[in-house]
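For reference, the structure I am asking about is given below.
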């Protein structure tokens, strides 16, 4: 408790009280300003979202307040988009978190094998999702695809991967998992190795069962890292585009019409800027809400973690 | 060096003192290859364009910038670009982007009203957005102006259907190339949709080439049923307009079906007529029994890969797609091209076309110079060069198709290609109803086909749903 | 004026008022021990003086100047942290050298002074170790060396012996005064161990409820605590406290009931007659014997604990009042088992009287 | 004992599965990069082929052979663009982000959390939302088609990542260590520079690496905000899908090449990653 407080006004110094007070701002504002600069367009986009604005109909451009949002709310396709996006996010983040944590635990011990693996595992992350999707599309091709081939050897004939409404979601989640699990693994591995050793040694001595150690010591201490990792994954998954678009363009039918795919089509193919902006604003609002929850818990956990000391 | 000799020879050729074959032989003697000869010839030929009136040197030393799509047609053009430079003294720079992202680039470049690009490659469909958006220029003003257009440009040499397809008055539903139509772009190279088949496979199975759609469906099914690892017919199925415009719309049109009809000045979806429903049933049936297993993710390159690798016996897609699969692939040399009238009661094919055209940016600061480029690029000389010396496979000018070298080249290694072209070109044009919502409704259409294919929705119901949805969208924008 | 002055410093965290207008004066070269129960704000006080924590109110003066506008690095204050706070990525040498580097001293001087202090604290053999390779004792000495190496004008030690084992604690207790003298620094020493406080402090400040109950020499703190709370903080076994109500008897002498026995309180209690107060008697001032003694209290011997050099005995008076007595170790009580009767005699000249209500000494 | 052995076996088995799942596709791509398009497009796919380096030759020499002669390839330029852009973007983010992260971790100041969150929220401003207006403004202020402009925009990707990850590591360092350093007579800046940053280095390395990768993989910004002179590898790789067919072999090779720089960086940072952050976690 005291420690946190102290941490927070650490190095307090009143030489030129103004300077002291200013210091944190001086440190953080450059970063803020740089981003603000870019975010001016963000405001413009918000204005777009309040207009009837289709490039192909320049004369009918007009300010219509929340017209775009209203028509979205009335459109079942939109609600479908919301559901699919959330579903996709939940699935990818969930799977990748479990997998990433598991792998991190497997690699926790330091030896050259694990070190080697932990580098190699980053490889998928280094492949641009667009290209990764292209390769997966080839590997899942019914004729040339090595995966389709292996699957058929395993006895599953004509698995349809991205081409069937039943397996499309599975396929894109699979690719997403392949690409992004390493992200979580890295962060959690770093986190695991950052944990203070004492409690574990103690538990070891007392012969505490591993499962108990994991759930009562490891997991709680790891939670801040888990939150950070899943926060960023959530942000990216909500906005996933490359993988889904390159694999199925949102199909089959409307199986995978997530936010970004819809927004992309509206803007780039349908030139319906207003509607696209509205879509993206909604997406932005959702991510904003979700991450606020994350951050709140994150800060709470940090506070507790430091209070403990 | 022997450059003087070369000039003399070419002069001689142009004054008909010697024939083309003789020219090429004698050029070869002094160490100039056929392609190079072609280039030199073109240099001279270009002078006829140059001689046609306009002061092409007007912008000497200035420069223009093009936005281009990575495409064999572009490669053909680039090979000959120096001729344009020397003709006009203009400096030409160009940005090339992969097709996968090309139109995103164009859309944003135009939407931001940037003046960085003067002219760019586009399809006719895209101009239905760019035109009404006032992002591109009506080129009639240039074509009809002798001060900027060479007498030898011979605009009417460009295939009628294609010229019309790039011209639209901007009113949804009105006829392409009709009265008052604006020439939004100039055709340059195109593709029409017919059948290409693998004679080895059909031979193996003792199957004759298909005569019409019902026949195609049965034969495709037969091929797939043969269980030899290959399937019947390759067509696109991805969730985009690309699925609608090749084979599908060509056959659809051949059955006399329309996407929209105009009622009281307003568009009305026409996909849910009885005939249309029958057609859709046939099409879906064809894919389910004789199509690729992953049809809903099939884009043009999967269709092409399968044909070239001998996984599909036939494709109903762009002729040039089959053309490029006939070299450097496993099945190279086995491919045959076939004019295809889907409707048994139709006597001629009615291929829908994709036209690579050149358009001019409204925001260009060098419009006249840009026109010079477009004029040269789509002119007889350059098209001939591309067709003869490169892969400008489907040039847009009737005269070019008559060039003997081009014909012999096609005949030699692309059996039936010339024939399928000649049988089809007369009826080759865009069969879509021009309108701003083209991408929207074609995407919805494709998505609906995918649902029908997956048996998520019966064809009839699906088409009614589709029509209703489109109806609503049309009302929203009031067209 | 004093070298280090803390003037009415207050600091609270949220609701919790930790320091409440506290003041303290420390002379040059003097060692003041800040003593108090844990969580009484000792550490916070040091941090405020160090300048790493801002007080809500009040000021800190060093060498006659207010240092409120001076950063920690410029106050000439050194501090040894309870958790040592060594730099994990620097070896012991660099840790110790840090203050000298900050003052950009020439390399050879740094070497020489680091080795000097390291030798003095007997860690010169581990100078090339990283903190994680050091034993607790070595860590503690390293942090101490770091705080001493540049001869700070004010040295603050935050319970430095808390995290080290008994042996080192004992050694250091003897060693530190020598070191302090050598560097002639003004020392502020925080501890919650009263023996440490008595052993090291020129003066002891007893910190309670956010202020100093008493600041005085060890002898005074022990011998004449300002109130019963201070009194009961010092001494092990703790002081005996008997609630009494002195009465003036017929003979004019003042008496009180202790353990059910009427005891004459002697002249010191003369003016206490008739008011409730508490009698504080340190165990060593209680004499126990088996023979009846004048003014003695009849007790029975409840327990005998040999307590290193002294024997502590728990005595029970008939009214169940418990009296602790300690006496030099001897074997006379070794045999004393079972509830032997005996007599306790209180040395009233050394007894302390507190007001029952306020607890203040009378 | 045998229980421990069993555990080791299981552990090894699981690791094997993991490695297979994550590395098989990479392995397959590597194989493809040494095959001709014909070999790749075989049914069923097979491992027997005569390796060719033509794909790499084409990429590196900048010339690709086609049926109608040789065509230029600008892949190496794309590769350089990616490397340069990502490196600059990450460098800038570190310079801006680490001090900010330090501020959020060490000082409680009004609006502190709000600023931190705002900075994060930039991460979820979807690109296509800002692209169109951004291009307008970039043209006005002359940043269109400049490295500077792109590096700036890339901050949207890299800065929040670095900021939030590094902040966590700073907070894990006991403030007392820095207090001690201050009391030794060092300024706040030196204590940040000599204590906080070295102790958080593993975290900074991890964050930097991840940021670099994300910058490396994004191409939509460069696509819209630049000419073909500044396009990254992703766009470069897509250039091998043209109407004349899709060159899987070349794409695979381009993918392999594009991974190398990042891999090298990863191997370098690995030192810090596996060093473990035990230093960072010195609690008070």
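We just call them A, B, C and D in the order they show up, numbering each chain from 1.
To be clear about the criterion, contacts are C-beta pairs under 8 Å (C-beta built on N, C-alpha and C of every residue); 3 or more make two chains touch, one makes a residue touch a chain.
What you see is a predicted model; the values in this text were computed from it and never measured.
> Just how many steps, at minimum, does a route from subunit B to subunit C need if it may pass only between touching chains?
So the least number of steps between the two chains is 2.
> In terms of CA centroid distance, which chain is the most far removed from subunit B?
C
> With chain centres defined as C-alpha means, what is the inter-centre distance between subunit C and subunit D in Å?
58
> How many Å are there between the centre of subunit A and the centre of subunit B, using C-alpha atoms for each centre?
Computed value for the inter-centroid distance: 41 Å.
> Quick check: how many Å separate the C-alpha centres of subunit A and subunit C?
So the centre of subunit A lies 56 Å away from the centre of subunit C.
> Considering subunit B alone, which of its residues make contact with at least two other chains?
104, 108, 111, 229, 305, 309, 311
> Would you pick out the residues of subunit C that each touch at least 2 other chains?
47, 51-52, 71-72, 74, in rising order.
> By the touch rule stated above, which residues of subunit D touch at least two different other chains?
Correct list: 41-43, 131-132, 136, 174, 179, 182, 188, 219, 238, 284.
> List the residues on subunit D that touch subunit B in their complex, please.
It comes out as residues 37-38, 41-43, 66-69, 71, 131-132, 135-136, 139, 144-145, 219-220, 223-224, 227-229, 231, 235, 238-246.
> In the complex formed with subunit C, which residues of subunit D make contact?
Against subunit C, the touching part of subunit D is residues 174, 176-177, 179-188, 190, 195, 198-199, 279, 282, 284.
> Report the residues of subunit B in contact with subunit A in the complex, numbered from low to high.
Touch list, subunit B to subunit A: 103-104, 107-108, 111, 128-129, 132-135, 229, 238-240, 292-297, 302, 305-306, 309, 311, 436-437, 439-440, 443, 446-448, 450-451, 453-454, 456, 476-478.
> Which stretch or stretches of subunit C touch subunit D in the complex?
Touch list, subunit C to subunit D: 47, 50-52, 71-74, 77-79, 81, 83, 85-89, 98-99, 101-103, 143, 146-147, 150.
> Under the definition above, what is the set of subunit D residues touching subunit A in their complex?
Its residues touching subunit A are 11, 14-15, 18-19, 21-23, 25-26, 28-29, 40-45, 92, 96-97, 99-100, 102-109, 112-113, 115-126, 128-134, 136-137, 152-153, 155-156, 159, 161, 163-165, 168-169, 171-172, 174-175, 178-179, 182, 188, 191, 202-203, 206, 209-210, 213, 216-219, 233-234, 237-238, 248, 251-252, 255, 258-259, 262-263, 266-267, 270, 273-274, 276-278, 280-281, 283-284.
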